[in-house]
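First the structure, then my questions, so here it is.
In order of appearance the chains are A, B, C and D, and numbering begins at 1 in each one.
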Amino acid sequence: MNRFRSLLGGLLGWEFSLIILVGAALLIGGLLSPDFLTGSNISFLTANFSEVALMALAMTLLIIVGEIDLSVASILGLCSAVIGILFAAGVPMPLAILAAFVTGGLAGLFNGLLVTRLGLPSLAVTIGTLALYRGLAYVLLGDRAIAEFPAFYTNLGFGNVPGTLIPLPMALFAVLAILTIIVLHATPFGRSLYAIGANQIAARFAGLQVERVKLSLFVLSGLMAALASAVYTFRFASARADNASGFELSVIAAVLLGGVSIFGGRGSVVGTVAAVFLIGIINGALTILDVSNEILTIVTGLLLIGSVLVPNLLTHFRTYQQRRRIKGDSVIQ
Amino acid sequence: MTERSVPASAPASPGWLSRLLMAREVSLVGLLLLVTLGTAVINPLFLSFGSVRDLLLNVSIIALLVVGQTLVLLMKHVDLSVSSTVGLSAFLTGSLFVANPGMPVPLALLFGLGLGAVLGSVNGLLVAYGKVPALVATLGTLYVFRGITYAVVSGGQINASNLPPSFLGFGTGSVLGVPNLVLLAVAVLIGFAFYLRSYRGGREYYAVGSNSEAAVLAGINVTRRTMTGFVLSGAIAGLAGVLYLARFGTVDATAGAGLELQVIAAAVVGGVSINGGVGTLLGAGLGALLLGVMGSALVTLRAPGFYQQAIQGALLLAAISIDMLVSRRAAKRLQEERKS
Amino acid sequence: MKKRILLLSALALGLSTLSFAQAPTTIKKGLKITLLPKNINNPYNVIETQGGLDAAKEIGAVAKVVGPSDAGASSQVSYINTAIAQRQDALVLAANDANALLPYLNRAKQAGVKIVTMDSDTAVSGRTLFINQANSEGIGRAQVQLLGKLVGYKGDIAVLSATPNATNQNTWIKWMQEELKLPRYKDMKLVKIAYGNDDDQKSFTEMQGLIQAYPNLKGVISPTTVGISAGARYLSTSPSKGKVALTGLGTPNQMRAFVKDGTVTAFQLWNPGDVGYLATYAAASLASGMITGKQGETFMAGKLGKYTVGKDGEVVLGPPYTFDKANIDKFDF
Amino acid sequence: MTELQNMQPQTIQPLLSLSHASKSFGPVQALSDVSIDLFPGEAHALLGENGAGKSTFVKILAGVHRREGGSLTVAGKSADFHSPGEATAAGIAIIYQEPTLFPDLSVAENVLMGRQPRAGLGRIDTRAMNARVTELLRELGVALDPSRPVRGLSIADQQLVEIAKALSLNANVLIMDEPTAALTLSETDRLFRVVRALRERGAAVLFITHRLEEVFAECQRVTVMRDGTWVSTGPISDYDTDLVVKQMVGRELGDLYPRGEMTLGEVALSVRNLSQPKMFSDISFEVRRGEIVALAGLVGAGRSEVARAIFGIDPRSGGEVRIGDAVIQPNSTRAAMSAGLGLVPEDRRQQGLVMDLSIERNANLAILNRLTGGLLMNRKAEAENAQNWTSKLQLKAHRLSDPVSSLSGGNQQKVVLAKWLSTNPSVLIVDEPTRGVDVGAKAEVHKTLAELAASGLAVLMISSDLPEVLGMADRILVMREGQLVGELSRAEANEEAVMYLATGQRAWAKQAGAA
């Protein structure tokens, strides 16, 4: 009974509001444009944010432990360059993809080592590696764009799950999202993330291996960026050094909108997933309504601010009301 | 008073804190000299009048933005929206000139300051009163202000040819060989450096960032101080927008985009802690200069274009790592000093 | 279900084109045309798409301009998808990437949308027609010829380009390098290709860097309107004014002041409005079934007259025009 | 002192008078209808268990919270504080339990923040500021460089900076919230000397403390609170320990130090030549099963550092740690834990608990890997473990899903104990187990420790509370300046002997006698 109530309480929270908003956005989009709620359009628009969605999963965990990785989009660019340059040099594609994963893992490891070994703030470190990794991508690939990948691979990025309208990258995302939900909410590792994020000193005193956990999450973030790079590269059949530049802010915006606290210790994967969909669907609806791009920029910003401001104001309002009620009571007495 | 007698001369040692900070700025100057002279040895043109002038002009806008950013960072907040404020201010000031070509330059500067202050107060309200974490609030307004700029600009552009000659003259003019823009940035920097170091109000920024609960208990109005900090950061960014217009003449909707990370990088390299309470404007200004010099040196040394970004990133990482190691050692020394 | 509807409508469109296989001679009224520039905030693109809108008005088509606010490789994708969902008859675009858009353009083609590129092409398979503002080889060679004249065929020269991946820029630069191989340029040396990313400030500082890094620099070619105006603005206030020749592609309005004050002697361009105008006529002719895009077909383009489809579906607007002090005041765009 | 006690306080005007004040937070009534008068020259003790509303009371006087109803008079004038600044301006200085300092700013700025002396054009006169603070610190008898940053100062030194701040305000009402909790005896003694000097100047001092012996030694009047309400006020001569405790707790309390007979088992923890440069050196001792060994000494003697090095949180440069038969590698909490070691750290809020997480999550934090079925958490096992230990320790909580921050200090400490007892340890190190814990909960913690020892657990207890050390320990090890300087059996231990070893001075005994 108790657990049921806490589950309900959790659902009625921010995540639930987001899911309602996703539904509302779909409905309003459909009412305003007959072309919006077609299977193929929804398929397009979900495929369109698959990279951001993938990177947001790892970012959720990272922000829950109180760290941040601003370099994800640059890692994506670097890994994309690695795939391109190796493929162009005649390396078989599976090996090139493997190399991208190694690159992404190493890039994440480097971030993690600077944060956990040197004790540097992750915000500063990853601003640095944001420039470094993007720079390395340019060093590798320069102004070249590698294209002409085998159709088999581009179809992986571009195609749908056979017989459905679900884009393959989205199917991949769905699997990984479920895995992440399980890891975060139902394993000892996931439990430890909240403790570390809320108070890493106490976590260390409880025998949790704070540094190792953080290091592993930075590596995970790098690996996810590598995976996103493969998706991106094949989806656009194009390996370029500037791939996905600027995506880091979209990823972080989605995670924060999803209700993850920037101070760590609070948040859920469900929230992040709902937020990713909300932004993507509003984006798609505005595009199909020929509303200009700038409105979307404004909407994203407002959603982000609202995600924190609205709950804050509600709490404030509630305590204010309680105080008034108590005052009223004492007057009656 | 038997067990611990007080040696009369105990506190005579001159300013621990200031000595430590001096060391920090001295090392920045040293690094600056190293890079500058090293580059100049390889390519003497680097120190030519024109080249130094261009360098200073480039740095002046970042240096100006660093002033506002430092105020906010000292309070353990951050202002990501400065780049969007620069863009909006630059474009709207430009439009104002197009509409009233006779507008005097000081009025344009005032307009930029005012517009920036209004945008900054949005951040301030969100952070100080709405209790929204600064990173979230200003990431949000980064989007919103840029979106407004896109909407206002809608594919338009302000060209140098649309601007009155008096304003362009202000942008390119100089006093005794020092460009106006550089003078303005240096004046703002020195003014605020002095304020932060030697005024009660200035010290409050450090107090708030060092321990905001203690600040409340010390009678500091933290909410108002936070608000002021963001308004100032916005106002300075608005002013920087006008200078941007004066410097570049051509402004479109993307003006200033991406500056925020450069500004934060400059402050961090200059020793301003993103954990609040630590750093000086002198250091932050030197940080901006150092990054500018490094960027410019890479071009002068003909580093391949594609390598520049990677090298800059590596340098930034090296700077913050070394800084951390140095300050950690200093902290340890402080602790031991007390023990012995 | 929805998918089937889409398929059916695509089939219907296909059938309708088939039934007009006898090549109608007039453009259909009420065609739906989407104009998709590289970046809706670039003034050059604004002029270009305005030409397209003018043409649409003449032929009674419903045209609209949509597009991203940045020139990133993938940001045009969602607009292509939208054009499919909105069942547009034709899509006229300036591609940000030669390959990244291919799968999506193919999908659009399958859905019956006629694809015409202008200004910056995709791979041939991605479109039916490409409206080339001028023959690429001609543009590249002409600019070197112009600069050679300005510097007396002697000294170091540099190129200030747009983004490292811009298809059109890279093609022109390739032809510039070809032209430089001719014996009369043996004393001219291309020392650097700098990239201003079509960003005003970046171009400005790149120009400044070029002059600082190469003391013997005599001339700069900037084949982009953003680059040349930013470069000229830097030169006009620098001690190198008059010592370093600058030429390239620019619009008369942006360059007027610099031509008059002697910073720039001459530069080239076509009328960007005409590019969009011609592209829209070509798209309408395709969508009306008047042409199919085969080499040798001809179509009428309003005030511009008659055009012939060349090899690989290329239609060339005409040779670039050289602006100098004597003629610049005759133009206003 | 005696003069003042004989005076009729009612005949002179109180410096501060708060009457019938209430305060609620949402639905929680933290304070209802509390009154107090503070007279010039008196030291007034405010006593009550944690959660009795003392802190809320202090914060109302400090201007942090607004009172609801009632009236406040300061120096004869009616007052209503909207901010801490106003309270300060009215001459009220507060020294909080945890120092409220700016670690990055200099000692001098910390003392004079917002009141820095100014030279021309409103500039801060740094030299005058440093001189002023040097003078204040000299009054307190400390040698601190006023221009050094506060970061790196010991808690005691920080406390002194706080007191210097209060002195600088020339406050006539000084409120101290558990000022001695983190101080050593000599530091406490120094503090009380300062307090006496202040009283002689005519200031009123309000003391909040859990150390009743201090109350009887230093205070003239007492106010007792319970559950947010006023219980009694009167001269100290009307009270004795039993009465105070009874009024605070509201019931009779059992023995505070329930240490019974013990049976010693085999060696559970053995430490040989443990060293870490500049922290401690050559520390060797053993703890047997069933034994409670106290590690006594002054704060800063290196006791907690030794504990942390044994546990593997801090590094050690040399020496050997054995738990049972297992040799524990340095820097591995994991190895120490799996060998059966637990550590209840000294700072409950920072090190012991994750305040935002629930009671259940905190209690299970050290054994997450054991509460699984396969790879996933077993919700039932989680609930059972938390339920099991919290009920064994008689935790008073509404629901186990409530955040641990909603508990009182004593109950929080029980959650920390529950966390470690769930690991089924053979050795438990408890560092200041009852710091900031009220009398009622203190007795329960002691009872728990005694029971655990009786059941065969080896306990190493670090404590600065001498009565606790003497009352609970079977053996007392004393550290001074990083060295183990002596060992006392239960029979030979007394306060004087421990303090002699801890300070290396016989002078302490005389002073303690004088006080």
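What we mean here is this: a contact is a pair of C-beta atoms (placed from the backbone, for glycine too) under 8 Å apart; a residue touches a chain by one contact, two chains touch by 3 or more.
Everything numeric in this text was worked out from a predicted model, so none of it was measured.
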{"item": "Between the pairs B-C and B-D, the one where more C-beta pairs touch", "value": "B-D"}
{"item": "Geometric centre distance via CA averages, chain C-chain B, whole Å", "value": "39"}
{"item": "Computed distance of Cα centres, chain D from chain C, in Å", "value": "74"}
{"item": "Rounded Å distance between chain B and chain D, as computed from the means of their C-alpha atoms", "value": "43"}
{"item": "Chain A and chain B, separation of their C-alpha mean positions in angstrom", "value": "30"}
{"item": "Touching two or more other chains - residues of chain C", "value": "40, 69-70, 164, 195"}
{"item": "Interface hub residues of chain B, defined as touching at least two other chains", "value": "150, 154, 306"}
{"item": "Residue numbers of chain A (touch at least two other chains)", "value": "138, 142-143, 241, 292-294, 297"}
{"item": "Interchain pairs in contact, sorted by label", "value": "A-B, A-C, A-D, B-C, B-D"}
{"item": "Chain A-facing residues of chain B, complex", "value": "126, 130-133, 135-137, 139-151, 154, 261, 264-265, 268, 274-275, 306-314, 316-317, 320-321, 324-325, 328"}
{"item": "Residue numbers on chain A that touch chain B, as the complex places them", "value": "114, 118-121, 123-125, 127-136, 138-139, 142-143, 241, 249, 252-253, 256, 262-263, 292-298, 300-302, 304-305, 307-309, 312-313"}
{"item": "For the chain C and chain A complex, residues of the former touching the latter", "value": "1-3, 5-6, 40, 64, 66-70, 72-74, 77-79, 81-82, 84-87, 97-103, 123, 163-165, 170, 195"}
{"item": "Contact set on chain B toward chain C in their complex", "value": "43, 45-46, 50-51, 54, 58, 150, 153-157, 159-161, 172, 244, 248-256, 296, 299-302, 305-306"}
{"item": "Complex contacts: residues of chain A adjacent to chain D", "value": "2-3, 6, 182, 186-188, 190-192, 194-195, 198-199, 201-209, 265-266, 319, 322-323, 326-327, 330"}
